[in-house]
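Chain IDs A, B, C and D follow the sequence of writing; residue 1 opens each chain.
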Amino acid sequence: MSWNTFGRVLRFTTWGESHGPALGAVVDGCPPRIALSEADIQPYLDARKPGQNRFTTQRQEADLVRILSGTFEGQTTGTPISLMIENTDQRSKDYSEIAKAYRPGHADYAYDAKYGIRDYRGGGRSSARETAARVAAGAVARLVIPEVKITAYVCEIGGDAIDRNAIDYAEIGNNPFFCPDASAAKRWEEMVDTARKAGSSLGAVVECVAEGVPAGWGAPVYAKLDSDLASGMMSINAVKGVEIGDGFEAARLTGEQNADPMRPAEPGSNEGKPRFTANHAGGIAGGISTGQPVVCRVAFKPTSSILTPVDSITADGEATQVRTKGRHDPCVGIRGTPVVEAMMALVLADHKLLHRAQVG
Amino acid sequence: MSWNTFGRVLRFTTWGESHGPALGAVVDGCPPRIALSEADIQPYLDARKPGQNRFTTQRQEADLVRILSGTFEGQTTGTPISLMIENTDQRSKDYSEIAKAYRPGHADYAYDAKYGIRDYRGGGRSSARETAARVAAGAVARLVIPEVKITAYVCEIGGDAIDRNAIDYAEIGNNPFFCPDASAAKRWEEMVDTARKAGSSLGAVVECVAEGVPAGWGAPVYAKLDSDLASGMMSINAVKGVEIGDGFEAARLTGEQNADPMRPAEPGSNEGKPRFTANHAGGIAGGISTGQPVVCRVAFKPTSSILTPVDSITADGEATQVRTKGRHDPCVGIRGTPVVEAMMALVLADHKLLHRAQVG
Amino acid sequence: MSWNTFGRVLRFTTWGESHGPALGAVVDGCPPRIALSEADIQPYLDARKPGQNRFTTQRQEADLVRILSGTFEGQTTGTPISLMIENTDQRSKDYSEIAKAYRPGHADYAYDAKYGIRDYRGGGRSSARETAARVAAGAVARLVIPEVKITAYVCEIGGDAIDRNAIDYAEIGNNPFFCPDASAAKRWEEMVDTARKAGSSLGAVVECVAEGVPAGWGAPVYAKLDSDLASGMMSINAVKGVEIGDGFEAARLTGEQNADPMRPAEPGSNEGKPRFTANHAGGIAGGISTGQPVVCRVAFKPTSSILTPVDSITADGEATQVRTKGRHDPCVGIRGTPVVEAMMALVLADHKLLHRAQVG
Amino acid sequence: MSWNTFGRVLRFTTWGESHGPALGAVVDGCPPRIALSEADIQPYLDARKPGQNRFTTQRQEADLVRILSGTFEGQTTGTPISLMIENTDQRSKDYSEIAKAYRPGHADYAYDAKYGIRDYRGGGRSSARETAARVAAGAVARLVIPEVKITAYVCEIGGDAIDRNAIDYAEIGNNPFFCPDASAAKRWEEMVDTARKAGSSLGAVVECVAEGVPAGWGAPVYAKLDSDLASGMMSINAVKGVEIGDGFEAARLTGEQNADPMRPAEPGSNEGKPRFTANHAGGIAGGISTGQPVVCRVAFKPTSSILTPVDSITADGEATQVRTKGRHDPCVGIRGTPVVEAMMALVLADHKLLHRAQVG
């Protein structure tokens, strides 16, 4: 089946293929009387946009968003917000090769096995271009949670991790990798360049921190805040793993090491909320936010499109080999960073509204 | 908000608290004319049941399931299947301590912050006893997908991993750890015993493999098979991370290393389906099953209940310390294993039905 | 398919068959800290309960409800509320006749055509006993909307309508027909008695008025307040029609006749809200409540179980005739009245929470 | 809240305002490999289109639909189908009057009470222009159920009903009223003309018959086929009542009169299915189709826009009067007919897929 809607109260539906005329999102359930114009959305699309430097795909897309409904005189009205992004660089290249052979690691074979038909141009619906639509939706979601500050960054490329003591959010915008550690960014430049020139690709890990989330968001037990984050993040193209807080590392700790002690609020600070002296849990306990920063980590596999020929089969079941010459991202995790931020915003905004539905 | 239903076509709803009179699940959307009796469910509850050996909590629960609706003369009728498990060992102990102080790492504070009220007896709704209900639901789901064989096992405790070359499914039932590697099981016996005696706890990683899943299950892009698995697994108590296939390891590979080449089916075998020569993807591409085994890995944090005092606060915001003397699992990941299997079954059964809804 | 959940934020799921061990409802999403005990629910079940007078079925059911989860020390906790009602009068009668022949007007044939199996005892899942579960759920919903007063009554039996000028809510409890017009109740006594003795049956119309609903509840355009009411009411056994406000009569009016003029609030009254001088719309415009009383009317067909033989076929397709001797309601609309009230409460409570989710 | 999605497996979401740049629908869950182009949709939009004769609003809209996603080489791919219709005749008239005063009977006041903001141009989201989007979605749904033939017609205008013995489907396209009775159409011409000239309006009743629905569609008990039809029909602008089969008339019959007897299939006919000798039930029993024609009747109130001044208030609560001079339908039920057909198609297609999900 096809299931292109996400969220429970703040719901968004995306549509569109890589090489169709356009793609878009319909955001439903957004509170009314929020100032919203294209200018609130465009910067996030620009951050995700391809072709901005040599480390990403050279496809040229303006990714200009247009609001087709749901606002009046610059404010949301509470009705569905339709966002559309036209595809402009559907290069009229020859797709006959992809049409016939399954690209290993891509969704080609799976889509054919499922639907018996497949828009093979650029991956069709399975293309990461879909994420432009959710980045647009995410920009709307951000306006629903002005109290929250979301920051995502690449913390690892090809196994080379940042120095956690060197994290400086101000650095994130200073390099083409969304890297908060200037010296890691330097190393990655060479790594990604080498991979790019060799027609190879690299995996990456993206970390996302949401500050300002109050205690109490989350819907146990099947819409836990972490469950919904896991679902949202895993739905991003090329993602193979999701961690909350210490994640898999927590499985290697003892109970003592993993404890998040609590202390009373200091006088006059923090509105009487408890002070945690550690955050192994990543800001979520029992599926509900604790008031600490919500921390999530997402693993992106290396792009499957590589120059080295890989064994494959044709749609007719004949042996063949596939090598990808065209434009593509040597490390999809990089441009995945704004997408991770968007999903964090969408999940949190949904849970803010869910929380006030039940608790007021 | 509270959100206790999971699934899209095969939906189940769980209810019940740790120390209430009972807990249960209502399974809706199950196909008719499937042979079903309590005997089909009980073995899975028995596998999860507490108090079976010294490595799990000493709470004594028979965990006997009763089918209250949805079957007639031993067959499902297509109507909702109500499953109930009575709580029998709600030890009349004194909960005044938990009532007042927040147990660090538990959901106590988060529930109070959210709801302003909390059934503090044994964790109430946030207790892992809820997983008994989903194990029961999972047993029904298994009957919906007889073509699939699901096997989960603990592959790591406290950082000590099994030898992947020594995996022998036949060993899983031979030790109290659901461990497929006999010599790892031996080591873990001492590790867990030491932790238990010290009132400490250990984390664990559970791996789950589903064989026989045909190509084509999964609902892109917001009900991808892997998204739903991530959501379902992350909703299990104490889980902090989920991986599909190589997971975070994939982020450290190059595109060449991570490739899953395809070869034509060998004559006379596999009904003409392609043969993959690797499975880094864990059987899922573009959110859709590929026909390879579906592989998922789940990280359980160490139990938060430990004997060592941890700083905390009272409900009134006063400083205190909490140490847990009572019965609890020194390594929750162990008894989490049948729960992981159940969630795998529930997600796959839902997607089998979703697939035939759209594609027939 | 089977779909036994209703609601969007305040969701309830019912389960159970006419002659199974029990039936019940799980109410999810209820706000926390609402005082709730069995005593809040039982009176509504008692009002619906069979066997209370000669005008309803003689099946004897205590219909005692038990709360199995979701409350703590007499208050809701925000977790799912499981309600169970045991069946006690599953008379061990011989069902072999129903097992073989389809009762015309009942769901027997349709269930068999759909599921290929059917619990024929008393209609199984298609029995109106299911409505006991929603009456219990509705009692919880009422506590979520204390500002609303819901009153349902029978306004017509067998084509004999009440005098609208004689409506006196105080009369509703004074007769076995939930009739607000004492003289109509008198007439109906004879009508229903005659039908009962003849083994015949009568249809009825139930009207339901909700006072105190503030302006603003309703979720355009596919969860309009009237759409959800229509869905909820039509799901009640034997219901064949639903009207909001003037309903079908509105289709016979001109725009002038159907107008609901508005006047400014009178000084010092009604908190500045407008005053409507008519209510043809039944309190709903554009799917959103206007602050006027919400008015809904529901048509119940006559019970299909009658003494006169009706042509039918057996499960094997052979010609037969069916006449129903057993206990049944000669006019199901009567006992449908508390069910209509419950559905009104459930829809309104859901929309109160939905409204505050989006608008705060 | 805003809730603009309908359906469970075949889901569609609509967006757009009366005077925004465009409106549209996203249809999700449609089976793959169905031939689909704009030409399959346009005729249904043309049937609903305004400005075609003097009996409907004079707004001029081409209502040209464009498919933006979900098809490839003329076939559906199983991915979301995005349909867009641009608004072309958003006459730049002066809306200052509507902006200030609430039009009685319209959703103006309710939207303001709910959202605190309102796109007053032509009713914004509450305008019946939204129904263009669902007519487009409905055209896709029809392709999912080629076995079903859906026919809707106006059976009553202003209280003047057709002669049921004179129903001739061939007549429906021969008059501007979708009237199957030629002589009634003649009478209505004068009636509607008189109302139009007087600036008055008339209500109408639309009947819809679906032939070819097999027995077994419907999802008891909260997605019964009739519940979903009631919900879908009631969500259409100006609808105040829904009936299935005999509807309210059934409430006036005895059990004997209301019986739908069954006879064995005649040899060689009807594939062994039973033959019903009456259809009071409208083809649905227990929420499941019986194989008879599904019959639904829908009451449309008279258009609230009339020339006669009606008492109202301004947004500031001051007394005023409103009279509507502009273009509008004197009888909205007429153009509601293609919308009723579309909703019937959407509900049936959803239930066809739901049925095969559970039963195969």
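As a working rule, a contact is a pair of C-beta atoms (placed from the backbone, for glycine too) under 8 Å apart; a residue touches a chain by one contact, two chains touch by 3 or more.
A quick map from chain label to UniProt name: A, B, C, D = Chorismate synthase.
None of the values given here were measured: they were computed from a predicted structure.
When chain centres are set by their Cα atoms, the one at the greatest distance from chain A (Chorismate synthase) is C. Remark: among chain pairs B-D and A-B, A-B carries the greater number of C-beta contacts. Residue-number overlap of contact pairs with A-D passes half for only one option from C-D, B-C or A-C: B-C.
Between the CA-based centres of chain B (Chorismate synthase) and chain C (Chorismate synthase) the separation comes to 39 Å, rounded to the whole angstrom. Separating the CA-averaged centres of chain A (Chorismate synthase) and chain B (Chorismate synthase) is a span of 26 Å.
Centroid to centroid, with C-alpha atoms defining each point, chain B (Chorismate synthase) and chain D (Chorismate synthase) lie 45 Å apart. Multi-chain contact residues of chain D (Chorismate synthase) (touching two or more other chains) are listed as 1-5, 9, 14, 29-30, 32, 78-79, 114-116, 125, 220, 354, 357-359. Chain D (Chorismate synthase) meets chain C (Chorismate synthase) in the complex at residues 1-6, 8, 14, 102, 104-107, 109-111, 113-116, 125-126, 130, 156, 158-159, 195, 200-205, 214-224, 226-235, 237, 239-248, 250-265, 272, 274, 277, 280-282, 284-291, 299-306, 308, 310-313, 317-319, 333, 354-355, 357-359. Residue ranges on chain C (Chorismate synthase) touching chain A (Chorismate synthase), taken from their complex, read 9, 29-32, 78-79, 220, 353-354, 356-360. If you check the complex, the residues on chain B (Chorismate synthase) that touch chain C (Chorismate synthase) are 1-5, 9, 11, 13-17, 20-24, 26, 28-30, 32-33, 66, 68-70, 72, 75-82, 84, 114-119, 124-125.
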